[in-house]
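The following blocks contain the structures, represented as structure tokens.
Each of the two complexes below includes chain A, the first together with chain B, the second together with chain C.
And then the complex of A and B:
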């Protein structure tokens, strides 16, 4: 019985705090994306045009976002039945966009960022299974003209 | 080549349904699975238990022991004598050992290992041999109906299922849920044991007088909640059912009650 109560409390806390944090994070991501949408970010190896380049630099942004208890339990349930894991999808989406934003912030006043790579790793792998977090690293070459 | 800036399209990479609904869907799926599993296991264990041969039944009851602190119990010749007398009527394929337990709660238990435990609290409460015989008969009913074996069988399967799942997060949740549902005898089992107890009382003493005395006493004293906690729910209903059964079987209810002698030192 105690286990069930503890479980219910953890689920509720996880759901409420997770939802609030996610909402705040998404709002902040949307605002910053609007602000920085004018900076071209491309995966091409070469800049769009090669004239007048003053400086080139490696820029990067990385973020680690933890999963809440609710999302983790729901994910493990999805593991039982199969199908896409919606609770992870929101998490990874936020992490990816946040990493790109941080990379853009690292490249202040650049004309463009080229050759962008995005990598993810799961922190929880091989670690204590109570830690669930995703790391997303975005890096690229910033070009100043 | 012209670069066009674009904001991410949230319809593409974000899940299309609310997480809460997603979770609800999965949880209800799990619930259906657990309920189905429980029903199938219960049904098949019951079928197996009903068809168990007396030799196997006796073997299981003798060799599976429950973890009880035997230092808190004592043998009683008088109690054993009563149990033996009732067991003749019950026709069990094994011998039941009776013990008095140092416990002030009003309770009696039929446990694996063919042991019958009666608390001192209960012995203080009953005033006649008939009342006590009714309780002992009820517990013998649990033996007779193989309630121990059924719950052991279920417990075993659920423990294995819990173990198989416990490498996952919800494994402990699963086993806790099943533990909760498993440790109790169902109301039907209790009622069936009641009626069996009435039969035993009538068989051994030639009267069903005193069958409901203990329940009525406890109802009057307002200890109903205590008995409720001891897994014997709804005993007003049980009194009614027993009385109806006694009428239906036309058992004698007028013979004199035998006062209870000393059971333990």
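And then the complex of A and C:
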């Protein structure tokens, strides 16, 4: 019985705080994406044109985002039935967008960032405890004209 | 030292290749951060401690790669790639590698 109460409490706390934090984060991501929209990020290996390039430099940004209890339980249920795990999709989406934003903020005054690579790794299955988190690293070459 | 992840340096010519240079660090997450992280796992949100730890380690790996390139006499590293793997439980390896060249 006690376990059940604890479970219910954790679910509610996880759901409420997770939803609030996610909303907060998404609003902040949207705002910053609008601010940074003038800096093009390109997956191509070459700059748009070669003239007047003064400097090139590797820039990057990374972020580690944790799951919440509610997401964890929903995901483990979804593991039984299969299908998309929507709660995880928003999590990795947030992490990727945040990493790209941090990379852009690292090179605010650049004219473009080329050859962008995005790498995702999960920091789970720890020694004895399960720390569920996703790490995203975005990097590319910033070009100054 | 010029570091890029493209295959050349715009406006410069590569005169010499020195082969692959790399740097790596293996970091363990310390217990305090692990406890904080497992609490955060209930609430969700960013794990700032881990973000910091990983970017510090990556900087360290970069530093080692740069030192290796400098000792070879290179002044630029091209086509740099990052890779992360978990070698042992609770430890992460951050590996960075690229091609050392001399550019003029």
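Assume the second predicted complex is superposed on the first by the 140 of 145 C-alpha atoms of A that agree within 3 Å, B and C clash if a C-alpha of one lies under 4 Å from a C-alpha of the other, contacts with A are read in each partner's own complex, and residues count from 1 in each chain.
Note that in this section contacts are C-beta pairs under 8 Å (C-beta built on N, C-alpha and C of every residue); 3 or more make two chains touch, one makes a residue touch a chain.
In this text the structure is predicted, and so the values were computed from the model without any measurement.
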Contacts of A:57 with chain B and chain C, given as first, second, both or neither: second
Touching partner for A:46 - first (chain B), second (chain C), both, neither: second
Which superposed partner A:115 touches (first chain B, second chain C, both, neither): second
Chain B versus chain C as contact partner of A:71, first or second or both or neither: both
Which superposed partner A:10 touches (first chain B, second chain C, both, neither): second
Partner contacting more residues of chain A (chain B vs chain C): C
Partner chain(s) touched by A:139 [first = chain B, second = chain C, both, neither]: second
First (chain B), second (chain C), both or neither touched by A:37: first
Contacts of A:89 with chain B and chain C, given as first, second, both or neither: first
Intersection of the chain A residues that touch chain B with those that touch chain C: 71-72
Sites on chain C touched by chain A in the complex: 2-7, 9-11, 29, 34, 37-38, 40-47, 50-51, 54-55, 58, 80-86, 89-90, 92
Of chain B, residues touching chain A in the complex: 1, 3, 5-8, 13-15, 17, 19-20, 22-23, 26-27, 29-30, 168-170, 172-173, 176-177, 180
Contacting residues of chain A [partner chain B, same complex]: 1, 3-4, 7, 15, 19, 33-34, 37-40, 42, 48, 70-74, 76-81, 84, 86-87, 89-90, 93, 96-97, 112
Interfacial residue positions of chain A with respect to chain C in the complex: 10, 13-14, 17-18, 21-22, 25, 45-47, 50, 53, 56-58, 60, 62-69, 71-72, 98, 114-115, 117, 119, 121, 123, 125-127, 129-133, 135, 137, 139-141, 143
